[in-house]
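Here chain A shows up in two complexes: once beside chain B, once beside chain C.
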Partner chain A sequence: MAQSSPKPSSFNVRGLARYALVAAFVAVFAVFSAIAPAFLSGANLLSVLVNNFALLAIVAIAMTFAVAAGGIDLSVGTAIDFASFAFVSLVLAGQPIPLAILGALAGGSLVGVFNAILISGIGISPFLATLGTLFVGRSAQQLLTNGGNPVYLPPSGVPEAFRFLGHGVIAGIPVPLVVAFVLIAGAYLILSHTRFGRVVLATGIQASVVRYSGLALSRYTAATYVLVSVIAAVAGLIVTSTVTVYIPSSGNAFLLNAIGATFIGTTLDPHGRPNIPGTVLGVLLLSIVANGLLLSGLNFYWQQVATGLLIFSVLAIGFANRKAASRA
Partner chain B sequence: MTTSVKWQETDDIIRLSGIIKRFGGAQALSDASLAVRRGTVHGLVGQNGAGKSTLIKLLAGLHEADEGAIEIDGVAYAGLSPQQVGHLGIHFIHQDRLLVPTFTVGEALFLGREPRIAGTPFLDRKLMRQKSAEILDRYFGLRLPNSALIGELTAAEKQIVQITRALLDNPKVLVFDEPTAALVRREAELLFALIRRLRDEGITILYISHYLSEIVDLCDTVTVLRNGRDVATLAVGETSVREIGALMVNRDIAELYPKPKVAHGSPFLELQGLGLANRYADVSLTLHRGEVLGLTGLVGSGAKELLRTLFGLETATSGAVVIEGDTVFSASPAAATAKRLALVPEDRRRDGVALDLSVTENTTLASLDRFSRAGLLDKGAEKRKASELIERLQIKTDSADALVRTLSGGNQQKVAIAKWLSRQSEIYLLDEPSVGVDIAAKVEIYTLIGELAERGAGIIVLSSDIDELLGITDRVLVFFRGRITREFISAETSPGQVLAELTGANETLRHVG
Partner chain C sequence: MSVDAAYLSPSLPASAGKDTDVTSVPARALGRKLAVFALRQGSLAVFIGVLVYFSIAAPFFFTVGNIGNVLGQSAIAGVLAIGLTIVIIAGGSNVVTGGIDLSLAANMGLSAAVYASLVQAGQGDAVAIIGALGTGLLIGAVNAAAITLAGIVPLLATLAVMNVVAGLELVLTQNTVVPASTEFLSTLSASGPFGIPVLAYLLLVFTALVAAVVQYTPVGLRLYAVGEFPEAARAAGLRVKLFVSGAFLASGLCGGLSGILSVSYLSGSTTGAGDMLLPVVVTALLGTVFSRRLVPTIGGTLLATLFVSFLINGFQLLNISSTLVSGVQGLLILLVVSATTLLKRKGNQ
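The block that comes next holds the complex of A and B.
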């Protein structure tokens, strides 16, 4: 009846969890290259990175900060949309691109400021606060666009600098991907190597200890939600420059995948904490699965099933983790 | 794991012998035995961590023993399940047993065993009302409306509901786990009267408490647990609170409370007529460098709120706080920590340490400025500081990267203190610093308090453990109903004097544990 020592067992499960994420990659690659020869081509993989990965990665790292702080941001799509709307409006008004970019970031960050007031100021839970923002944001956009009409940029009147964001190339790498890489690096630095990131993680783990340690909890939380919206606003900039149109409430398309990628990513951390490398791997996995299924000629709707299965597996692993940990 | 212990002539209803229980590497019980005689009130005492709750959970069928024999009413059992324990007539009254607050009294009483109207699936509400009213009236002289919500009841009434629930089953044994923790004295007296009556009606009582005076008042026999072992079982008539206390800790008082002689320096922290509406009023005191000042008071006396105010968790409504001549106003913990104040909170696992952060991350959480330049963390420096404090405070951990969750209570508390040492705080507010801490770590924490005083820090200790307070402080201030009613010089005071003051009217000694 002697119990096996809990420590090695929890280590094994955790080790397995991390191994599982890597194994999932190998499996997905193997399966898709077998059934869809086009999958492994350089052109396809680059297209996955530019069209699927880059934007979702930016939104997901934004989400990672919210989840790291113990919350969630359901209104990342709203920040994307507000940034996009501001950008398109300023460009149409003939403003220079740098000003339009600043305007877009400011437009997106309005959403974060609003969330910060609800969460830090009033004390509404992040889930409900950002859900409210999502609804308010959707209505606001319908009001601004006569019931949700897209705002197109005329193909002729678009400055070159604008196109560059969506379609340009730096050192052979498409600009959206460059922006994603820069943000990933920056986010990693912030979350793992700064004072701010440490406090964010500590807040997510045990907020009251942060407060009892003499840290201004509400200011950190407020800053977190503003940061989330600014990062999401960058995604809004890129998506608008790529498609040269603002479609009201279109940013919400990223929401669920961003949450999924963030939680898939937590399995990479030995303690199950949200982390940028994990989130990036999660985004990569979701992007590859989406692309591979498309190339395999499978029904589009199977993508959702696959995403769901991936998240189920992560939850299962996470549950095994907690069980092992609680026995310790 | 069958047993062959022969049925002895003594009429023991519960017999646990040679119980060993390990959790991972930790040995919660090592050869613990407990024999409870039928029809007696049997006390069970021990320090936190002595194994009381493990032993009780084992008896409740919530844990399984690794080794040892269990015998109930003369029958040996290899292991018990909670259902089995219920069928054997053993019922448990817990201090914080989860009664669903939105249930009515009637629903709570009959939860899971609702009587049905014969031959139908419908609840027999009339019978439920009748049976519960009968017991409530008989034992408590009390009519609790069956429709009252549990959430509306007082702690004492909730306990009555629990006891009634147990009595509905005609129990043979009632186990009370710290039953008076949430009761005021009058309610506790009523409970004691009830327990005596139940015993006289033939029900055996196992009574677990920190309050040794209760044990001496109420019990026929007492078993003392220490370090997972039963060190003595005594007839209460032949022992004393002192003897039981000494058995629990197995130490001399002097060894238990190391206290260096420190010359007091200049006044450090002064409170001038500080008040917080409806909590405390007109609190004036001076804390010197090198001084350890004790505070004590019953729940609601205002002492805890005073510590919270000093740390910026509450805002004083009158008076002033002066630190070395500067009037300070701490509107938040951030402001308080900037004034070199440190709070080690009572609820360590909620407020003191982050269980899922590592020892290093906890240690540096209050002093991240020291370990960062332009916002970037120097993780090497963090690790060095943590290692230094692990060494200095003798924190027992696998590594500086281990999660604080994996540490024992005492070592978690040391991390909660290390956090402030890393920040070089100078005024320490310690709220019940030794609660849930094993005896060895307690002594280490007391030693550390002495060291801090020697380095010129000012320390305020709030504790409900009077022996501890008198052992480690220079002065003790007693709070009663929001005011400081008495100041004692620790070295010249007996626990009884403080206790008399604490309760406001020279009531008999109650809390010694």
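The block that comes next holds the complex of A and C.
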């Protein structure tokens, strides 16, 4: 897995180009401010953060852990869905909200435990294992919902605490955003400043070294995938409380953008490794672009093309750079 | 996975320890051979067993008409899966840094849209065919350039291309169905000799042609060499990047071809081509289990495609909910991969 051979080399040339992501971000920001006056307004920027950024950021952070460990998790959407389903079912059954939240996190972590067994227990490569989980999970949801029918929460039967999760405000900041910020900060601390985070990163760079260092590699890998699913479950909680409905297999909508943001973020690191600030910036870039294109009045279908081209260019610059650097 | 194993075993001093127990090595090798044999024959046995079960449970299942229909329905996914298999062979089985082409399904969608739009614009079939295949080839070329020139890992390069291509399809069709009917298209979707659909014959001929090139020519052998151990292939004087680019071009062409097939099968281009992606990935990966050395092969991919199609068909005939199909696909891939992983692990110890 860890073939992205990090080689120490001169930072001067790369230092500049390394910030392709930051440059892209600034450029996009400037362009949209120029063409769409509404873009820069506080209300719009807040709506970007709440509607586009918060959820994707949570999923992308989860993905970052999997990628940092040298793997990938294609079943983050499944964890979102399972959490969402457990949450809706428990609320409908009249359980108190705190219990429903715990149930949702447990439901999501089931997916992670399943992945952990496949990846650390049996030794299947993460891509294949989580792809299998994605398919099995899709079928399981269709069985649970009578062939894939959405489960609605009636507006009247929803407790106040539930509404708070999706639409509440803490100190003037919407709850989804607060949750996203807390998770970002927590993930940053875990990945960069704890022993667990260092082992995860080391696993991604050279797994065999971790094993030879006498560390229980499989246990760390298992913990990583469970952590990924629990973080994704939080996204499931928030999305459900925002839209008050569970739609089977809807979580997969986040998958490709989360992968994109994570890998866009790797261009920020001198060694091209996954990192939380990079991921967050990647998510921010994707959200800003989505919102800016919408405001710019560009044909809806062209928006997807433009987004794809932008991701493509950032990746191309980032990777071409890294390639040039490793050759130097 | 096999690439990792290939890299690790020679380079790690610790793995030298595996030879200390010299006496039992032949015995283990034999045991492994037996296990691989069992797995390979086992998967074929399961395939045949499933066919036999469906034939008994649903009398209509084992009729020429039904089998022909299943073959015909498999054509689109089969051509896509074969394209992906070529990429997996050339890129190695490490799915993130090696062979994967996520843009294939979107490629099919755009090629189909180009074909249907050209027909709508009053062009003939020849122009439309060139348009569709050209679209596929162009997408393959972009992938190849992104991977070999810019050095983006295939998973991401093809992911980004997939987004762009899917967007272009929306732009072209405005997210609507573009109907197309020409004589050529109706010939393709009609029944051929023995009441078997022309698409079924096409799939078989196409598979045979690609298999001939990939499994039985020097080019094919080199393709495997490039995928399984790029460093060694490079040291042996093979132009690795050329082979990788070629594989992505070939898979792009497969995307264009399946686009044409889907226009004929559905009498036009429809939206939602992206839904084909993951099933096709699973099918191509599943194909390894039908090969002697548990590597991706064209024939194995065809068998995997047919296996999945027969399952879906059998479920329909038996009135089993088709929602189970994706679960069965998922379980299959997990079972297959677990078995191969455990075997490889045993073999390495």
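Keep this in mind: the second predicted complex is superposed on the first by the 307 of 328 C-alpha atoms of A that agree within 3 Å, B and C clash if a C-alpha of one lies under 4 Å from a C-alpha of the other, contacts with A are read in each partner's own complex, and residues count from 1 in each chain.
Following the convention adopted for this analysis, a contact is a pair of C-beta atoms (placed from the backbone, for glycine too) under 8 Å apart; a residue touches a chain by one contact, two chains touch by 3 or more.
Model, not experiment: these values are computed from the prediction.
**Q** Spot which of chain B and chain C makes contact with more residues of chain A, would you?
**A** Answer, by number of touched residues of chain A: C.
**Q** Quick one: classify A:H271 as touching chain B (first), chain C (second), both or neither.
**A** Only chain B; A:H271 stays clear of chain C.
**Q** Identify the partner contact of A:G147: answer first if only chain B is touched, second if only chain C is, both if each is, neither if none is.
**A** In the superposition, A:G147 contacts chain C only.
**Q** For A:Y212, using the defined touch cut-off, is the partner it touches chain B, chain C, both, or neither? Pick first, second, both or neither.
**A** both
**Q** Go through the superposed model and pick first if A:R195 touches only chain B, second if only chain C, both, or neither.
**A** first
**Q** Which of the two partners, first being chain B and second being chain C, lies in contact with A:A316: first, second, both, or neither?
**A** Once the two structures are laid over each other on A, A:A316 reaches chain C alone.
**Q** Considering only the contact definition stated at the top, list the common interface residues of chain A for chain B and chain C.
**A** 1, 3, 208, 212
**Q** Using the touch rule from the top, collect the residues of chain A that touch chain B in their complex.
**A** Answer in residue numbers: 1-3, 5-7, 189, 193-199, 201-202, 205-206, 208-216, 271, 325, 327-328.
**Q** Give the list of chain A residues in touch with chain C in this complex.
**A** 1, 3-4, 72, 118, 122-125, 127-129, 131-140, 142-143, 147-148, 208, 212, 256, 259-260, 263, 299-309, 311-312, 315-316, 319-320, 322-323
**Q** Name, in rising order, each residue of chain B that touches chain A in their complex.
**A** 1, 22-25, 64, 66, 332-334, 336-338, 343, 345, 350-357, 361-362, 365-366, 368-369, 371-372, 375-377, 379, 403, 405-406, 419, 423
**Q** Of all residues in chain C, which touch chain A in the complex?
**A** 1, 4, 7-8, 12, 14, 94-97, 146, 149-153, 155-157, 159-168, 170-171, 174-175, 278, 281-282, 285, 321, 323-331, 333-334, 337-338, 341-342, 345
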